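Two complexes come next, and they have one chain in common, chain A, joined by chain B in the first and chain C in the second.
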Partner chain A sequence: MGTQRSDRFDEVEWDEISRSRWFEPSRNTLGVVLCTLPIAVLGFYDWQVLGERTATFAFVGTEWDLGGIDYLFGFTLVLFAFYLVAPLYQNPRMTRYYWRQFKRNRPAVVSLGWLGVVFVGGLFGPLVMSAPEQSVLTGYQPPVFLSIDAAYVDAQTCVGDVVSGRCQGTWQHPLGTTQGGKDVLASIIYGMTISMQIAFITTTIVAAIGVSVGTVSAYAGGWVDETLMRLVDVVLSFPTLLMFLLILYIYGAGLGMFILIFSLFAWGGTARYVRSKSLSVSEAEYVMAGRLSGANTTQVVRRHVVPNTASSIITQLTLLVPGFLLAEAQLAFLGLGDSEVPSWGQLISAGQSDLSFAPWIVLAPGFVLFLTILAFNFLGDALLDALNPEAEAETE
Partner chain B sequence: MTDEPLLAVRGLEKHYPITEGILNRRAGTVRAVDGIDFSVRRGETLGLVGESGCGKSTAAGSLVRLEDPTGGEVIFNGGGRAGETRNADGTHPNDVTRFDRRELKAFRRDVQLILQDPSSSFDPRMTVGESLAEPLRVHGMSDRDRRRAIGEDLLERVGLSADEYDRYPHEFSGGQKQRIALARSLVLNPELIIADEPVSALDMSIQAEILSLIRELQAAFDLSVLFISHDMSVVREVCDRVAVMYLGEIVEVGPVERLFDEPKHPYTEALLSSIPTPDPRKSVGGIALDGAVPSPSDPPSGCRFHTRCHRVIKPADVDVDRSNWRGLLNLRDGIESGDVDVERVRENLDTAAGGNGSVEDEAVKRRLRADFDVDEALRSAEAERTLGRALDRVVDGDPEAAAGILAEAFTTPCERTAPDRTEHADGHESACLLHTRGEAETGADVGSGLATEPTQIGRDRPTDRAGTAGRSDPENRGEGDGDGGEGRAGGADGGDRRGS
Partner chain C sequence: MGFGTYVTARVMWAAVVSFIIVTITFLLLAAAPNPDVQRAATQAALQGGDPAAAAERARELRGLNEPLHVRYLDYLRSVYTLDWGWADSRSQPVTTALAEGLYYTAQYSVPWTILTILLGPLVGVYSAANMYSWKDHLATGFAFFGYAIPNFFFGIILLLIFGVWLDVIPVVYDTSVPVFSVANAVQLSIPVFVLVTGSIGAVMRVSRNESAEFQHAAFMKTAKAKGVSPLRAYAYHVMRPTLVPLSTTIVGQLLALFLGSSLLVEKVFGIPGLGRVTYNALIAQDTNLVLGATLAFTFIAVFGNLIEDLVFTVLDPRISYDDR
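What follows is the complex of A and B.
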């Protein structure tokens, strides 16, 4: 660009400009790259340099260790921050408009609040709270304001007072403890991390594969389209659970494997949806206008087609997450989960034999799980209404 | 500057294959644009008019290569490409249909298209500013502030304010959006703007504003405009020259005054007669075109307009008057294509008569004649005999034989010969057999008849055209229908000469 910069359209020296570099990453992409680099470097350091048993942050003197899932989680958080939150901040008018639409749905606003709590709890809880630890001496402590028969918790092991033969709950363990003396509240908060990891990572994987397959299928057409859609059929009809069980019995499977298997077989619906939406969007006049401006297919797809299908995928993804959370809880309840991670499902599973006298061990995480799933469903519905362009046109 | 046109379209074709079956067997071709020629000179506005479905928008789309044309060439001499000559192998270096990616991208800067529907031509998830400045970004202007400055400047030029840059399309009215669309088409400083029905989605008062804005911008930035429209009154207002298109072909080209004052092609006449006039005393010679627009997948042979032409040529040996001639041809076509349903006619007559099940064949024949505007008795006894025989076959339930009889007796040269272009005056050309061989065939002065100044013709019986209801195309149907046989009046009838 020259020194004689002119702000009039008919005085632009196009010959100079169009010879300049055409690849220009947006600020958000730049942000993603900059934030991903340290994560990747840390991951590489952890993987190659540090020993198996050395905590990742041993060099600053803490015992905080990161696993593969955590790196992936960090990366997805970066993606969400730059491709979801940042655009909302950069386009305040649109954000305000969506918020006005969204706000009409009260349960969804409450749901968003609850999910915010789960998100913040999951992200920062483990940083400020120590992990729940086994302590056999303080097993079966009742939640605050509740009590348990002294037959289960006698005067020695009851943390609170024993009044008329019943051990009273204390604020020390607001939601009581498990058989092994693990604090239920702390476990739930640590479980939030797991739930958020499941939610974010699966969403990212499903969205990435679904959007790619869907748009490629819509734009390539012909045999590519045909092949990809048959692949979608396969994915949709694949017995994921059996596949997971098989892997579990042969190799053993942790949370990472769970997330990977289930999200790798969940993108079928998304891909199909994106394909049909892309086909309809690609007929729109603004896509034609984009092509007329000289943009190539990739640019048109990135700038117009994907953003215009995104709103509908967001809804679909939001409604997909509860399924994963439930699946994880169910597997854990059946004893097929990853016993290493303190998920809500593990907690429920741990308390199932004590349901008759210590129901809080099951009920507290069960209730949290229920609320979270409900919140995702409400949120999905509200997003559908708020982001749906057809609905927009009707309200105008 | 040379006198070469900015854009020259030569034999442009866009055919769509119709495929069927799992093997995509080619079952036919839709000839949406079938060999059109026109040129746009620097600084002028060329109108391209025609009914919906005649291929105007397809032509626009193919000449900017939104869709690749299947034939012909589009020579664009703008963008610093002036003065090129043809290569040795006959191709032209400026042929848009042969541009590679890089050339095409540069071409996109020089030619822009304004789309018809402003409500869908903006991405609902982008601010209009982003949409407006998108071409700049695509062409490599990475300076965000500069894009914004240019965009805001343009918004002001098209009559909006700069702070509307950050608004979203749904916050604007249709007229405002079309202003922004104009701004977007200007943002790369093109030499040619193709406006595809830019005002047809807007209401009348807004139309006028947008049209005058187009004219202002054209004058200010020395633009050439290809203005596509179906609305003759709009075309008259903005264009310097007009090309009239019918079913994928251009039938008449000329300077706007000449073409409006002295239309040569009967189709142009019919289009012009559909313009409402503000003077209530001046009768509008609403020429109601018979029949629907034929399908471009199976266009009529010879002159494509002959199936609907009100001046279709009558061979000298058939002595019937003009409205009867048109009626006979329509009857023949109707029987051939199976559109004439004798049983239905019989039933309708029966219902009207009270439903006792006894409708005479004569009544059916009378009804058919009335439906197709054929007189009870034709002037020529021979023609009458032929028609009588054919109608007998029809009511007997043998339409094939009837069609054969009619086809043998009544054929027009128009369906056999495709007309060539005739030059009438400077730059005024039309493609109609009346002009190339009209004198010889009909013995009539066919060139001077004008439907816009209708006069009663002695021998033409005023017919009731309401009988053919539903057979004329609404888009071109004239406002006034009360003028009896005027619409059919023309110069093709033996010896008729119109007064002035």
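What follows is the complex of A and C.
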């Protein structure tokens, strides 16, 4: 405790309970740095030493190649592990409290389970499964337990049995195959990686910009506040999808550009929210008490303002993610997405013309997308109740 | 600050925002090689001419070798005087092409907007009045469904069911039928349904949660005690305060869907509206038309945000103009 060695209770040794030097990392920050270093080194090695066409892990004999987005994804995963999961582990009492609140909302628990499946599938699926490959001979294989008129697949190329003129589905392709013979299940699992990358990277960028702009705006005040909030106005009324289309048209754009543009124009709401919350927190009595005991602005922001806004920021970010996933799927469906990326939208787009006789190509990824968006919405709703007891008190 | 001053300030701010966005589009275009110039060079090279000279000619023709600030002023003038150039891919002026697209977009946007504004708050308030009944759960389920299902995916499925299997609506939008006819209403019913499902969810949720607060308020008790009929009480005392926070949601939802999903829905249903014009221009590499469509949507977005703020202040007399 900061007050232990003091003779008087109102004198707080700030150096002991709060880091006052400019850079004195906490355990979690140290963990982030330690885990980021190997990623950075690997990235540098991939970028400078290896040739353009050499796979990153060629030295251990696999064809597994990493791109810029994969490194960013790795970095955001480290951030989430140390700033979201680790604090939950370090404060078991609060974690249990949140979990009790959260558990009462059953759809949200199911949603969390589903998102867990997508997360694990996206993270480890590509490691254990080979990428879906074109094989023209096994096109239009139906999902298991279903069948398709053998006229669409040659009798020889039907993987399963042909019963009374209909090709039966097999466990070899549990969700069937596309026209080009790509396995739908494998494509969906590879699409999970893309969706998780979009979700993690965009939320990190949005949170970083939103929280910084919000707190700076609230604490600087004056013309800084005015300028930043007008900037937020512009960002909020910016038609992001159209601007992205224009950029795509002029320069061409891949998944990285998509993530960058969409997250650079999505932080407006977060910043506005953090600002108003910071203003109300800075009026609170505990902040005044802290200030009377000699805390400076940095310490107040670090220990009171950011933690008090964190819960709502998490909720807001959870509700932002489905928008990004949807936008990616829409662009992919229009044929304007990153064609090198096997996302769910690409799969839906690929199956659209075969819808009348091979509906699984569209339905399977479409429902996965639907369920994921639904899960994020339920989760956001439940987090709102669990993390914000005030809101609950208001409605009851 | 009075109401008049506030409106003036807000309109001017909208003008500034549109100006900033127009400037960004100019910078984007100026920083990139012009596809028209490249095309001229390629063509010259294919025909055995000098590509550099052809590129130079093309640049001169389009005024691209003027200094940047001259081009910028020229660009601003033509944007704000609606002189948006010639759409090569459609052999007509850009503004005419956009107007033709708007004609079809309006045909489904108007019923969609009206239905969302009418049905959303009604169902929301109804579900707040019957909170936690099966009707409320049904409405909540529908709201989440509509909010979460991707519009284009829902459109594809409905098109498969009603267009291909049941054969009730044409698979590709039929432009030959008159606007006010049963055939047109039938073929637009599915796209309108898809869009309403997408936009009504959030409106229902917000109006339900907001009006839940008001229905146990003291003024409702007073109204009931004085013998006001439930219908009147809900219409006057619950609906009106609910509409204030709701106006933001409604405009936001409609705009978001209009800017994003209209493109998808038009592509799925084959409606030759604004979104489709934009999409075709992208595919045909028609720079003028792409730019024109982007600007048109941008102006609609800026205008929509302006309307939202103005409606907000008109509906809620308590809002002080200084705070905003």
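We adopt the following convention: the second predicted complex is superposed on the first by the 364 of 396 C-alpha atoms of A that agree within 3 Å, B and C clash if a C-alpha of one lies under 4 Å from a C-alpha of the other, contacts with A are read in each partner's own complex, and residues count from 1 in each chain.
Keep this in mind: contacts are C-beta pairs under 8 Å (C-beta built on N, C-alpha and C of every residue); 3 or more make two chains touch, one makes a residue touch a chain.
In this text the structure is predicted, and so the values were computed from the model without any measurement.
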| item | value |
| --- | --- |
| Partner chain in contact with A:Leu374 - chain B first, chain C second, else both or neither | second |
| Chain B versus chain C as contact partner of A:Pro307, first or second or both or neither | first |
| Partner chain(s) touched by A:Gly221 [first = chain B, second = chain C, both, neither] | neither |
| Partner chain in contact with A:Gly113 - chain B first, chain C second, else both or neither | neither |
| Contacts of A:Tyr97 with chain B and chain C, given as first, second, both or neither | first |
| Touching partner for A:Ala284 - first (chain B), second (chain C), both, neither | first |
| Partner chain in contact with A:Leu334 - chain B first, chain C second, else both or neither | second |
| Touched partner set for A:Ser237, first chain B, second chain C, both or neither | second |
| Residue ranges of chain C in contact with chain A within the complex | 13, 17, 20-21, 24-25, 28-29, 32, 144-145, 147-150, 152-153, 156-157, 160, 164, 209, 212-213, 259-261, 263-264, 267, 278-279, 282, 285, 287, 290-291, 293-294, 297-298, 301-302, 305 |
| Of chain A, residues touching chain C in the complex | 230, 233-234, 236-239, 241-243, 245-251, 322, 326-327, 329-330, 333-334, 336, 348, 352, 355-356, 359, 362-363, 366, 369-370, 373-374, 377-378, 394-395 |
| Complex interface listing, chain B residues touching chain A | 64, 66, 101, 104-106, 108-109, 112-113, 115-117, 120-127, 131, 134-136, 138-143, 146, 149-150, 153-154, 166-168, 170, 181, 184, 186-189, 221 |
| Residue numbers on chain A that touch chain B, as the complex places them | 1, 5, 7-10, 12, 14, 17-22, 24, 91, 93-94, 97, 284-286, 288-296, 299, 303-304, 307-308, 311, 389, 392-393, 396 |
